[in-house]
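Report on the following structure.
As written, the chain order gives the labels A, B, C, D, E and F, with residue 1 at the start of each chain.
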Amino acid sequence: MKKLVSLGELLMRLSCEDALRFSQVNNFKVAYGGSEANVLITAANFGLETEFLSVLPENDLGKSALNDLRNSNVGLNHIKFQGERLGLYFLEPGAINRPGKIIYDRQNSAFSKIDPEWFDWEEIFKDCNWFHWSGITPAISEKAAQVCLHAVETAKSKGIKVSGDLNYRGNLWQYEGANPKEIMSQLVDKTDVLLAGSYACSQFFDIKNIQNNSELSKALIQKFPALQRIAITNREEINASHHKWSADLFTESTLLSSTEYNIYPIVDRVGTGDSFMGALIYGLQHFKDQKALDFATAASCLKHSIVGDFNRVSKEEVFELIEGDGSGRIKR
Amino acid sequence: MKKLVSLGELLMRLSCEDALRFSQVNNFKVAYGGSEANVLITAANFGLETEFLSVLPENDLGKSALNDLRNSNVGLNHIKFQGERLGLYFLEPGAINRPGKIIYDRQNSAFSKIDPEWFDWEEIFKDCNWFHWSGITPAISEKAAQVCLHAVETAKSKGIKVSGDLNYRGNLWQYEGANPKEIMSQLVDKTDVLLAGSYACSQFFDIKNIQNNSELSKALIQKFPALQRIAITNREEINASHHKWSADLFTESTLLSSTEYNIYPIVDRVGTGDSFMGALIYGLQHFKDQKALDFATAASCLKHSIVGDFNRVSKEEVFELIEGDGSGRIKR
Amino acid sequence: MKKLVSLGELLMRLSCEDALRFSQVNNFKVAYGGSEANVLITAANFGLETEFLSVLPENDLGKSALNDLRNSNVGLNHIKFQGERLGLYFLEPGAINRPGKIIYDRQNSAFSKIDPEWFDWEEIFKDCNWFHWSGITPAISEKAAQVCLHAVETAKSKGIKVSGDLNYRGNLWQYEGANPKEIMSQLVDKTDVLLAGSYACSQFFDIKNIQNNSELSKALIQKFPALQRIAITNREEINASHHKWSADLFTESTLLSSTEYNIYPIVDRVGTGDSFMGALIYGLQHFKDQKALDFATAASCLKHSIVGDFNRVSKEEVFELIEGDGSGRIKR
Amino acid sequence: MKKLVSLGELLMRLSCEDALRFSQVNNFKVAYGGSEANVLITAANFGLETEFLSVLPENDLGKSALNDLRNSNVGLNHIKFQGERLGLYFLEPGAINRPGKIIYDRQNSAFSKIDPEWFDWEEIFKDCNWFHWSGITPAISEKAAQVCLHAVETAKSKGIKVSGDLNYRGNLWQYEGANPKEIMSQLVDKTDVLLAGSYACSQFFDIKNIQNNSELSKALIQKFPALQRIAITNREEINASHHKWSADLFTESTLLSSTEYNIYPIVDRVGTGDSFMGALIYGLQHFKDQKALDFATAASCLKHSIVGDFNRVSKEEVFELIEGDGSGRIKR
Amino acid sequence: MKKLVSLGELLMRLSCEDALRFSQVNNFKVAYGGSEANVLITAANFGLETEFLSVLPENDLGKSALNDLRNSNVGLNHIKFQGERLGLYFLEPGAINRPGKIIYDRQNSAFSKIDPEWFDWEEIFKDCNWFHWSGITPAISEKAAQVCLHAVETAKSKGIKVSGDLNYRGNLWQYEGANPKEIMSQLVDKTDVLLAGSYACSQFFDIKNIQNNSELSKALIQKFPALQRIAITNREEINASHHKWSADLFTESTLLSSTEYNIYPIVDRVGTGDSFMGALIYGLQHFKDQKALDFATAASCLKHSIVGDFNRVSKEEVFELIEGDGSGRIKR
Amino acid sequence: MKKLVSLGELLMRLSCEDALRFSQVNNFKVAYGGSEANVLITAANFGLETEFLSVLPENDLGKSALNDLRNSNVGLNHIKFQGERLGLYFLEPGAINRPGKIIYDRQNSAFSKIDPEWFDWEEIFKDCNWFHWSGITPAISEKAAQVCLHAVETAKSKGIKVSGDLNYRGNLWQYEGANPKEIMSQLVDKTDVLLAGSYACSQFFDIKNIQNNSELSKALIQKFPALQRIAITNREEINASHHKWSADLFTESTLLSSTEYNIYPIVDRVGTGDSFMGALIYGLQHFKDQKALDFATAASCLKHSIVGDFNRVSKEEVFELIEGDGSGRIKR
């Protein structure tokens, strides 16, 4: 079976327990995550073969970071152990009307010093049929941006399907010479399936004054005619513990829409967008568009009930939700 | 005071913490439960004298299992310590749209090898005015079915009131020669007060195409004319954390209905049906039918806020809820 | 900058974990609180200079009690270490329709033996521009009532602004000779800004058959003509985990009203009224009345998301909520 | 079977976790204990019938306090629920050269207001063959001293065996009119079996300048000629985690000595003396003197490995240790 | 690189926390272990290629059981998911003079129903250079004994090196027709390297009245002339927290001896023998006999500091200990 | 009272729980520490006035870092909030023969960018009578080295007593242009009281082939004639849980020696050297040399029983240990 490959940083996540604030904690819960790893683990849970390209420091923390990926059968044959520090993020989950907070501490991480020379691209793409990137990687460092672009261009040149997630993060893109508009345009230009959002499009591509997802999709396709499908998730945040969640998929000039899920009380919302993306990649390989969209929306709805960045739900659990059983009734 | 007696298995419950899935846990929370023990502890909390008949293994786990029952003043004078293993169940509580999961590990338990000879039935029924059984016991093993039937017949022959809970569990009834329809018919035939549900009735008694609880009750009484009261709980599962809960009581050709409670966010729903049954038995001994129904519905509504299989609410707390105070205001 | 000064008892709070009942716990979570300390910490978090007057026992528990106050920059220059026991309260938080319970164990505490001679009132009031009292202090002991009245009278005589919170607690006022109506009237008589409630007013001042907050305010002003502002919070308790919360402020014959917040699932409601009071004192010093009311209501809405008696939200977080962002969206 | 009866206070114990100091904890571990209850639970674990006489407050804490006693089959038919507060003690266990610390908070407890009228002494002593007291009870309050003396005198007058533990606590005996020397002399005067120590004897009875346990025993018998046996434990504290432990029993002018145990790393030393006493009472009823001493010393050696005030070891476990297996080898 | 293959059951281990007894716990810590898996994980940590043959139930618990093995790069290509229950064991660790206790609950496990037909033995042994068995497997069930013997005979016939660990467990060997002496003799007869002990030899082979390890080795070789090396560990149990630990290796008529380690305070002793065996297999493939023995002894000494059944120490850490640094000095 | 001032970095410490290894943890315990802060908190606990000079990032982690210092009354009037990241270290405590491990992650911390311009040195030294530095600060960055040297020179020029701790850390001193020998010589040249060790002296000053602490002291004084006192701690590491600990103080050509303490089982050894230094500074201000040495050795002995980097023992507790009570007997 051909593989889904992605490239990205894996971070240690240190999160507050039990609704405590940063100033109150005596323990941090430890987990690992990162947009691209989250996508891969979701897809692997559903049965795709996957391969993760990353750089981790040569120490016990770097090695520990891989455990959850290994347990989910994500391929780890091209992980490079080099450099000194593991990127971190600290998470204070929100509650009721109090927003969650994330403090990133990822500068100068082992990953930020990634070099295209460290990877055997021929070998990597030999058994690959889909390459996924996210807008976080080119935002980390100049080298990360170079490697990401190199990977996308190589994949495209080999006829491999390419997906991307814009993932706008205002607090990244800090390196000298960072030009988000240019590099993101180059990446999207070679992309077949894009997960987009209106704020990211305004920041990266000056697409503004957009009324709805259909308009946004058309504007993107005008700018990047190679795009075949555009997915947009819709999150209505009633409060930090209660969201409504649905998604649209624009394909061949039609906007398909999913069911809207009413999600409360939220267990962990970090990584839900990534779990949508991973499930969409799986779905587009196995189902027609509407079903692929429904599958991705239901999978990411379920992610809100899972602790940690990674989605840990099975295909069967997603199907049950699609087929209308959102009752949460106990399975005995 | 005469006693409520019941017969059943007590299981160790090993449950995941903090919304984690089975694949994520490093600790299991330990509790104990079982349908009949849950009924007794509820009734004992309200002040009934009770006696629990069971078999437990002769080891530290068997002895530990009795602690919560002992603390609630459930009578334990006829517990038999014999055999090797304690039945277990593993619980992964659900969250939002993700269903809870239970993995049973109770085969070959000490209880499954129960023998009617081990109990002094004369002594047991001497001070008994009510015997309760549940459909779980005859589903465990042929011997358990025999003992259950023996107890019900003996109780009936002595003029003791008999209640039962159909408690259909598709994954039990695995023993050779198991004939659920026959044994359950024999049991219900000698029962005065039955807790029933439409799915269980279709499985056990081929009562199908039923429109409402009134029809279901009439169909049951037609089949089992000795039945005096039929209780049916109504659970609407909005998601795993939010249920609506009410109940009906059919008595003398009338269907009485309770208030409907809106229950969220659920703390622990396991054992809520048993807590309804225990409170109904108490109620029917102390109140008129409508009040008994209201008492049982309110008591089981409160059980959703209690960790563990056992209900730990007082009569006074139930009355406050019946009398309309569902505000959860702090008592200082 | 002039200081907000208050006088009160600091209690150790021992609370049950994870929705457990008193009969189930093996651990108590330890925190500290008390109405007046809660007010000060809220005000200090927003930037007021504060000073806390209290008595604590001369042991490790008494010393530990001050840590959170010290961390929030509450002034502790007049704390008296004398006496033997720290007042305690045990908290069983409610869930769904099950009310929370508080068991007080504060009799004969170090604070209850407070003596006006122990404090240098000239020094205390030298840099003070606002004194706050609550109805809990005079309810503790005759000496506490004397000190509270002495402080209020001294403050008033020096032209210092005085605020009070009626805080009716039926289970206090146990000391011999306690006369709640008389002492509370003396205190309110010297108060400029009062946090009141209809039940407290009926108990303390025989103000009954009141239709609404406007009527209540007018009745209070008729009785205590020195009152300049009366604040009243409105809590609708849908269940123990879901409240609606708003407040009114009566000033110059007008009743101003805040937004109503829909608060679920509640993390910790203890101390929310105090956090309203602290924020109102801050607000009245910095904003016009309507904005002060909005600030206090939003700050206390956020307190429902904070573990412990003390509010730990910043001014910026309150402003964001006032300005309409109750989405709880993650800040990255 | 005749019962061992004792009278005493049951306290809630709130202890620091994981070697933390009072100033560091965010949780207290909850347990219950008290010298006389500790003695009874030890004896009950070995199979004696027991009855505990005590007063507890009428609240959820008072009720919870009995759980461990109930689980160990200690008789609780004469517990009086009356009064307001449960006595408490806070424990900071020691480590290495840092001593443990106990802060008592037991004044004005429900027990301290005990009244001899509350108990039906005839009924209590009907099936009693041994009464045990400890020097803590008369140290609590005048009423407690009266009840203790009344119980001892009544027991003695009925020919019931009486044991006592001097248990000197300098920080008790605070009540007005307390006269430790007089009341302790009255108690020991009616006692058959005494657990004594040289410091307690110097404080209570002015027995000073004693060279060894034999001399101490003889001095005691001279003063209290009714004494039949005197037990003295020897604890050499190498550091807070490492003790040597042995005991002597003086009987009929001979001093018997036990093995010395080398105990490290200590899990919990609170209650070890009580567990010696409870095991000695059991031992003296079942074995000859030397074996009774050996049994009590081994049982209390094992208590150092048990968390909480109560000993939870079986007779079989004690015998294995006496018979020389201190290897701690796993039993599979 | 050729692989080390082993066959055995993987159990869930549920252990008490913090020195608590079974009757005290509210949580069990979850880990996984089993003699043969423990051997493989040790060897894999040092760098051997390994393959684990086992049967696990088709449920979430069966899948979770593999996580630690997967993380340590143990090969899992031949795991069979079939059957219903995961074998369990409950562990109450000992402390001071109180022995640890293990309660097994492994009857009727998925593994016990293993069938030789389920495995592709040709494929398994294709890349295998060492097969390891333990005396636990043939003790589980008749089928397990058959598969074990089949594997050993097949390995031997292919010229693959065979090691075994007698691992006598009196409470196993319960199945009908169990003949420990016969089956163990058949297994040892085809074994090159044996981990033996005097008690196991007396039970299995009637080798009695042995004075020392040299005699024991010679007696074994006389009975089983194919044996090339015999390893014997020496554990002196001072108490449950303090052991002395060394080992001997008999080879070509010489008894080599290791250093003796003084081990306290023990963190977790379960699996230390298996960690010796795994390290010995590694050692014999890479070092001369004395160094292999030293390596195995040091590795298993370090295992006493690791929580769980599995050894998690690196080769470098073992070398440091062999080279004399037992200081435990912090590596910065 | 004049103050003890020190300059250094405050790190977040993330440590493994319960003897787990990095690869096993799901939680990190959070604490804060740093050599100079550890010294100040020790001295402040004993009653010195202190002031800490440091740089922390402007975020919630930076603010939280100060809590323990604030609680211990360390002066924080010159803390600079500037920059982005808080330095971290990850701690895996050792056990038995397994060494502890520390992974530093402190590069590019807010502190490393410290600038002498950020501090008002006149103000800082106005009320200062002792300045303390450690060899860690100049090892962090060129700027940190500059600031440290500037502070020492300024202090010396004002006649303020200067102490230093060589604190050799091989993995620091990584910045471009780092010249440990030169900068350390400049610092020691202006130092009155030095905590030294033979390895550090060989690395920094080429003082080699030293036989004993007396020789080492003399060699240092020859090189740095301004030195008045040299302290050297002696740690014998029997294993990671058992150390012997003593210290020497060289003063006026005499070597004074302390008692040797036998310390097991160690709770936390990180920061024990700093707690020696802090206690020595206190001691030299209050006692004669021998008593100062005894005080410092006993204080740091007790630190081995305290969780976290900071010493939390009182002067009274140190005196009790000095006066010979190392029994760890419970204080009631």
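Here is the rule we go by: contacts are C-beta pairs under 8 Å (C-beta built on N, C-alpha and C of every residue); 3 or more make two chains touch, one makes a residue touch a chain.
Source: prediction; values computed, not measured.
If you take chain D and chain F together, the chains in touch with both are C, E. Look at the CA centroids: the one farthest from the centroid of chain D belongs to A. The pairing of chain D with chain E is characterised as different-residue: of all residue numbers used at this interface, under half are used by both copies.
Here E-F and C-D were compared by C-beta pairs in contact; the pair with more is E-F.
Farthest from chain E, judged by the mean position of CA atoms in each chain, is C. The geometric centre of chain A is 42 Å away from that of chain E, both derived from CA atoms.
Centre to centre, using the average C-alpha position, chain A and chain D are separated by 63 Å.
Contact of a single residue of chain C with at least two other chains is seen at positions 21, 23, 26, 67, 71, 101, 264-265.
Viewed as a contact network, the protein chains fit none of the simple shapes, being neither a path, a ring, a star nor fully connected.
Counting only pairs that meet the touch rule, the chains in contact are A-B, A-C, A-E, A-F, B-C, B-D, B-E, C-D, C-F, D-E, D-F, E-F. Against chain D, the residues of chain E that register as touching in their complex are 18-21, 23-24, 94-102, 104, 169-171, 237-242, 265, 269-270.
Here chain C touches chain F in the complex through residues 67, 70-71, going by the rule given at the top.
Interface of chain E with chain F (complex): residues 71, 261-267, 301-302, 304-308, 312-313, 317, 320-321, 325-332. Every residue of chain D that touches chain C in the complex is listed here, in rising order: 14, 21-23, 25-30, 59-61, 63-64, 67, 84-86, 88, 90, 92, 101, 103, 105, 107-108.
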